[in-house]
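Each of the two complexes below includes chain A, the first together with chain B, the second together with chain C.
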Partner chain A sequence: MAKLLDRQRYKCALGAMQTVQAIERALPVLNSGPGCAQKLSDSTGSSGYFSPNIFPCTSINEKDVVFGGVKKLDSTIANSLKVIDADMYVVLTGCIPEIVGDDTGEVVSRFNDADKPVIYAPTAGFKGNNYKGHEQVIDAIIDQYLTPSDDKQDGLINIFADVPYQDLFWLGNIRELERLIKELGLTPNTIFGYRRGIDNINKIPHAKYNLLVSPWVGINNMKKMEKKLGIPYLHYKTLPIGATETSRFLRTVGEFAGVSNEKVESVIKEHEDYYYYLIERYADLFLENRVINKQFSVVADAHYALAITRFLVNDLGLVPAKQFITDDTPKNMRDDIVKEFNKLNYGLAADVSFETDTYKIHEAIREHDYHGYPLILGGYYEKELTEELKGNFLNISWPVQDKVVFDSFYAGYAGGIRLIEDIYTVAVSRFN
Partner chain B sequence: MSINLTSSNIATRENRIGSITGYVGTLKDLATKSECGTLKGCSRCFSQSSTCLSMCGLSQLAAIRNVAIIHHGPAGCSVTSANAYYMSKVMAKKRNVTSNTVYVGTDMNEKDTIFGSTEKLRNIILTVNDRYKPDAIFVSSSCATGIIGEDIDSIVDEVSYEIDVPVVAVHCEGFKSRIWATGFDISDHAIMQKIVKPPREGIKSNKINFKNFFESARTEIIDIFKNFDLEPVFLYCNSTIEELSHLSESLATTCICGTLGNYIGNALEEKYNVPYIRSINQCGITGFETWLREIGRITDRTELVERYISEQRAIYIPQIEEVKKELNGLTAVLGMGPGYTFEVSRVLNELGIKVVWALAWHYDKKYENGDVPPSMKYLLDNDIDFETSVADQQNYEVMNVLNRYKPDMYLSRHPGSTVWAIKNGTPAVYVADEYMIFGYKHTLEFARTILDTIRNRSFEENLAKRSKLPYTDWWYTQQVDTFLEEAK
Partner chain C sequence: MAYKIAVGSLDGINVDLKFGEVSEFLIYEITDEIRLIEKRKVNSVKADNTNTNSTNNSDNTNTNSTNESNNTNNACTNGSSHNRCCGNGNGCGSQSIIPGVTLIEDCRCVVCKKIGFQAQKQFEKKAITVFDVDTSIDDAITKITAYYAKIDSRKHSHNSI
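On to the complex of A and B.
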C-alpha cells in the first residue's frame, strides 16, 4: 500500500536500468515515458560507453496509452539493433505498458533470431523498488539467456554483491572481492564493470559455485541459478569491511570452496599484518580525540547498515546506537538480518529499525543519547541533522552529494582502512 | 490565449500553442511556416530517452521556500525529491536564508494500481501538513495515478477544508506531452490558480517579476535595476508564498528564457494587466539592450535606461570587439531548449561565429499571445539563416550532425550532453547557468570562455582518441531525419 515516503532513499524497479548499465556494452531499452531514464540516473558517474540519454525509449505518449504501444516498442527494438552497437539489449518495462496491458514479452520474442540477444525484465515502478528491480534484471538473464552447462571449470566462482550505482562503491567493492577470492586460488567471475560484460555472463553456467555477498538482495537469483543451472551458492550476508569480518569471510569462502586451511590462513596473515601495521601507527588518533565518541548510527540499506555496524563494533570497538535500514527490506527477510546485528563481539547487539520514513529516523536520532557528539554515517539527508547535533557526518549511502567516488571501495582489509580515513578526515577537519 | 484558472488541468504545449518536437530543415523555412501556420511537426519511430515534464514542473515548485510537494506515484517518479532536497538546501544557504521545503513520494505499489489509494493520499497530505506546517501544499499526479484515474482534485478539495494553507492539485502525467517545458507551464498554472492574489488596493510598486532558474545573477541585477529605481522579484528559486501572492502588483514581468516564463508572463498580463516584456532575451549585446529598452519603455524610464546603456557600452564594447577578432570565422553547432537555441545563435552571430546547425529540443510555433517567438523574428528580420532541426534531445541526431559538420565547438545546456560531443572530438561549451551570456559583462566572459575552450583541446583529444562511440557506422551514413515520420 501507498505510504508516506519522506526523503526517499531508493528508486523504483525501473531504476534497475543502472544494473544493466553496469554490465559493459549491455543496453537498457526502456518501454516507458520519455523522462524515466533521466530521473533515475545519478548525476555523476553515470556516463560511459552508454549513458541515460543513449538508452532507447518508447517515450510513451497519450495515444499509446489509449491505443497501446506495441508497434512503437517493436520499431524501437528493431532500430536500437540498427543504430546502437551493444552486446545485449535489455528491454525494461515501466508503469504504463504494465497497467494498460501491453505484452512486452511477446514483442521481445519477435527478436529471438536477432544477431544479438534481446531479453526483457518487468520493472514497472509500482512493482517494487530498484533493489527488487535489480533482482528482476538478473532473473531475466538467467531465465531468458543462460543455459545449463556440464562443462564446469574448477575453482570458478561467480560473485554477486551490491546493487550498482545505488551503491556508491559498487565498482571498487566488487573488484576488491575479486582480488580477495583470487588470493585464495579461486577464479572469480563477475559481470559488472570494466571488461566483464557478456563474456563473463557467458561464463556463469561454467562456475562451480555462486557467492552472494548481500543481506538479502540477490538471494532469489541464487535460488534460481541453483535450480536452473545447478550451481550451489554460499550466502554471505555481510559485506566484509576491515580485518575481523574479512578474515571471517575468507575462512567461510575457503571452507565452502575446499581451499586448504594453510592457504586461507597465510592469505589472512599477510593482510592482517599490514592492516595492523597501519592501525598501530594511527591508534592514538582513535584514542586521543575529542570529537569522535563511541556511539554511532548508520542510516543505509541493509547491506551497508550491517557491514559498517560490524566493522565499527568488531574492529574499532565502537558501540552501536540505533541502526536504520532504509531499503524497504521484504518482511520475510528481516528476522535473519536482525540476527546478524546480534552477533557482535562481547555479546553486543545493535537495535535495528527497518524504516523508510526519514522524519521518524531523524526523530529517533534526536532522541538518542550518544553520550557526546554522534557519529552518523548515512545519506545526504543526515548532513543537516548531524550539523544541528554538532556530530560527525559521512555520506555513505544514497542520496550522495558530498562525495565523488570513481573506484574507491570499503570492502576488504584495504576498504576498512579507507573507511577509517574518511571518518577521521571528518574528525580532523574540526577542533580536536 | 485564454487562461482558465477554474481548472487545475492545462492543455499541453502541443495542443495549446502548436509546439513540435520533430523537424529538419532551415531556420527560414521553420520560421516562415510558423508564421503562416503551415508548420507540421514529425514524430519518431525510434527515440532515445529525454525528460519528464514532472521533473520540470515539480522542481520549479520545490524551489519555493517552505512548501510541501506530494508526488503521488511509484518511488521512481518522486526520485526528483532527492535532488530537490539538495538544491533547496544549497540555494537557500547561498542566499543566507533557510528553506524547509519538503518533497515526498507515496511509494505507490501494485495493490494501489488495482484498488486505488486516495484515502492513503489524504492521510499523507494531512500528516505532511502536521509535520512541516508548510505555507502551501502541491499534490501531483504521475503516469500511474493518471491512468488508473485517481481523482486527486477531489482529495485536494476535501483536505482544503481541514488545512489552512493553499492545497493545489498539479497534473504531471509524464505521457501527456513530449515537451517537458509543459511542466513549466503546469507549475505556473498552479501558482496562478491558488497562490497569486489580486493586487491590494493602494499599493504602489516598483517591482519587476523576474522568472529565472537559479538566480545566480541576483545581486548584479538588483544593482542594475537600482539605476532605474526598479526592484526585481526573482521566481521561483528561494521565493516565498507571500512574495508570490503579490506578483499581480508588479510593474511588469520579464524572464531569462521565453520557454520558462511565457506562461506566467502572459497569465499575469491577461488576469491582472501586468505587462509581459516580450523582447529577445538578455543574452548578447543586442539582446541586453533591446530588453533594457523595453523595460524602460514599459515602466517609463527610457532616459535612465539610455544613460546606463551608454555608460556600460563605453566599458565593455571595446573589450568585446577585441575578443571578436579571435573568434571570427569559427563554426558552431548548438543544441538547447528553444528558449536558448535561437537566442544563443544570435549571440554567436554577433560574435562572428558561424552557426552551421542549430538543434532546438522542441519548438513553439507561437507563444501564448499568438506571436512567433521574438528570438525567431529577430533572426528572420536580420536575414540570418542556418540549418536547423527540432530534435527532442535525441543524442543520435546530434552526433550525426557533429560527425558530418565537424564544427569548432558544440554548445549545449542539458546535463549529460557535452561528453558526447567531446568523444566526437568536438570541444564543448556547457552553457549551464542561465546568466552565462547575460548582458555585456557575461557576453564578454562567454566569448573568453569559448576562446579558452578551443585553445586547449587536450582533454577532448585524449578522450576522443581512447573512446569508442556507441553508434553503428550505419547510422553515421544516414540522414538526420531517417526516423522522422509525418505526424498523422
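On to the complex of A and C.
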C-alpha cells in the first residue's frame, strides 16, 4: 500500500551539497538531473562564491539513462577543474546515476592525479535523507582524502555538531562550542564556515580527540575516524543550551581531554555567575505565571528536540508534554535517545515520539491537554496550528520562514539566554 | 506494444549521420522482434509537401496534433519568407528542420549522431525522445528497446493494481 508522508522536515541525501557548501571553497559537483540543486537549496544564507544555482551538474537526461552518463560526468569534472577555482571538489550522486548503475567512483578515481582533491559521496535520495547525506560527505572526506598522522598536536580537538543549513544556527553554534572549548585551554578544530575550509580539514588527523555533539548524526564518522586515523572520540549527545547542560558538557569534555578540575570549575563559575545574574534580574518575569505556558512540545530533529527539552525542564522548570523527533532517526539509535529524554532534573521524563508525518504530529498536539495554551517550538508548519490553539510559537527548526539568522546561536550559556529571550519575547508580546 | 524508431545512418551499421545530414531515415519497428520496415526519404524541398497536407487537412484523417504542427509549420514558413522569423542563424529551424521532424513524428524516438538544439526542441514538443549517440545501430537499438521494455512493463503493472 502506498502511503503519503505529509510535510516531512528533511530533504533527500543530495541535500548534503549544503554540507559541502559550508566548507569554505569546497565545491559540490552534482551528478544528477537538472533542477536537483535548485529544489534542494534553501534561500537563506546560501549565496556567495559558490551557490546552488551555479554548482556544476551533469544534468542527466533520458539519453544518459539509456546509454550511461559516465562520459558526461568525466567531462563535467574535468571542466570544473579547469574553470572553477576551488580547494576541493566533491562529486555527489543523485538517484538517477545510481539506479542506472553508473560507476561514479571509477570516474572520480581518474582524477586522483589532479592538482586539487576530487572525492565523491554516494548521496542518492533512496539511500536516506540529508542527515544521512551529511554523514556520507564526512565519510568521503575521511575515506578518500585524509591520511593517518603520528604527529599529534597537544590539546587539538575536532568538533562536529550541527548539520549545516539544515540547522539554522549551525554557524553560531559551532563557533560558540569553539569558544567554550578554547576556554578550557584546548585548541578547537572545525571545518565549517568562515576561514575554516581545507586547512582545517588537513588538521583533522593531527587532533588528539574528536568531539561529537549530536544525538546520532555523525556517530559513524567518529567510529570511522577512530579506526582509520586513530582518534578517540567523545560522543556528547545533547547540544548544551543553558547553564545546567553547558556546565555538564564542560565537565565531561574536561575529564575526557584531561583538563584539570580547577581549570574547568573556574571557567564554569565565571559563566554561571553571569548567567544567574541575568536570570535573577528577570526572576519576577519568570515567577509571573500568567506569562509563560505550563507545558511545551518541541517539534524538531533529535538534536534540537533533545537539547531544548532538557533546557526548558532543567533550567526553566517547565513541564514537558510530548516531544516530536522528525529526522527519521535510525531505529538502532532510538533507544539511546529516549534514555536521554528520561534523565531530566526533578525526576521528570519526557514522552518522545519519532514521527516524520506532520499531519500525525499535529493531531497528537491537538489531542493533548496542555493545561492552558501550549508552547510549541518547532518548524514553520507549527505556526498555524499554534495560532489555532492560541498558544505561543517559536520557529527553531527547519523549515524556517519567519526569521533571519546570520550567526546567532542557542548553544552554551549565552545561547541559553538567547533562547529565553526569544521565548519570552513571544510570550510577553501576547499581552501587549 | 509496437512502436517505431527512426535512425540516421548511411551504412546501415553505425549511427553515423547528424540529423541535418540524413537523406533517408531507417525506420525500425519493434514488436516482439526488431525489424527494419522502411527507408523514409527526407524531402529536401522544404515546405511543399506539408503545404499540400494542410490544404486538405479538415476532412483528412489527420489527428489534431498533426494539424497543429502543420499550422505552426506554415506560420514559420510564412515568417521566414519575408524575414528570418526568430532572428538567430537558422530562424526557428523552419528551413530544414520541421519537415524532418514531421516526417518521423510517428516514431517513439529518433537516433542520430548529433541533433541540434532547435531540432531537439521540436521533437520535445511532440514528446519524441532524442538520442544523439555515437555507436552502432545494433547497440543503440538494444539499449533503447531494453529501456522501453522496462518502462512499459512498469506502466502495465501499475495499471493492474
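Keep in mind that, in the parts below, the second predicted complex is superposed on the first by the 426 of 432 C-alpha atoms of A that agree within 3 Å, B and C clash if a C-alpha of one lies under 4 Å from a C-alpha of the other, contacts with A are read in each partner's own complex, and residues count from 1 in each chain.
Assume contacts are C-beta pairs under 8 Å (C-beta built on N, C-alpha and C of every residue); 3 or more make two chains touch, one makes a residue touch a chain.
Note that the coordinates shown come from a computational prediction; the quantities given were computed from them, not determined experimentally.
Partners chain B and chain C clash in the overlay (superposition on chain A).
Contact with chain B, but none with chain C, is seen for A:Tyr359 once the two complexes are overlaid on the shared chain. When the two complexes are superposed, the chain touching more residues of chain A, out of chain B and chain C, is B.
In the superposed model, A:Ser47 makes contact with chain B only, not with chain C. In the overlay built on the shared chain, the residue A:Pro320 is in contact with neither chain B nor chain C.
When the shared chain is aligned, chain B and chain C each come close enough to touch A:Glu62.
In the superposed model, A:Gly242 makes contact with neither chain B nor chain C. Only one segment of chain B in 24-32, 132-140 or 438-446 runs into chain C in the superposed model, and that segment is 24-32. The residues of chain A shared by its contacts with chain B and with chain C are 62, 65. The touching residues of chain A, counted against chain B in their complex, run 1-8, 10-15, 30, 33-41, 43, 46-47, 49-62, 64-65, 72, 75-76, 79-80, 82-86, 94-96, 99-100, 124-130, 328, 356, 359, 380-381, 384, 398-399, 401. On chain C, the positions that touch chain A within their shared complex are 129-133, 135, 140, 143-144, 147. If you check the complex, the residues on chain B that touch chain A are 44-55, 72-83, 85-86, 89, 102, 104-113, 117, 120-121, 124, 127-128, 131, 142-144, 147-148, 174-178, 180, 393, 395-396, 415-417, 419-420, 467-468, 470-472, 474-475, 483.
Chain A meets chain C in the complex at residues 62-63, 65-67.
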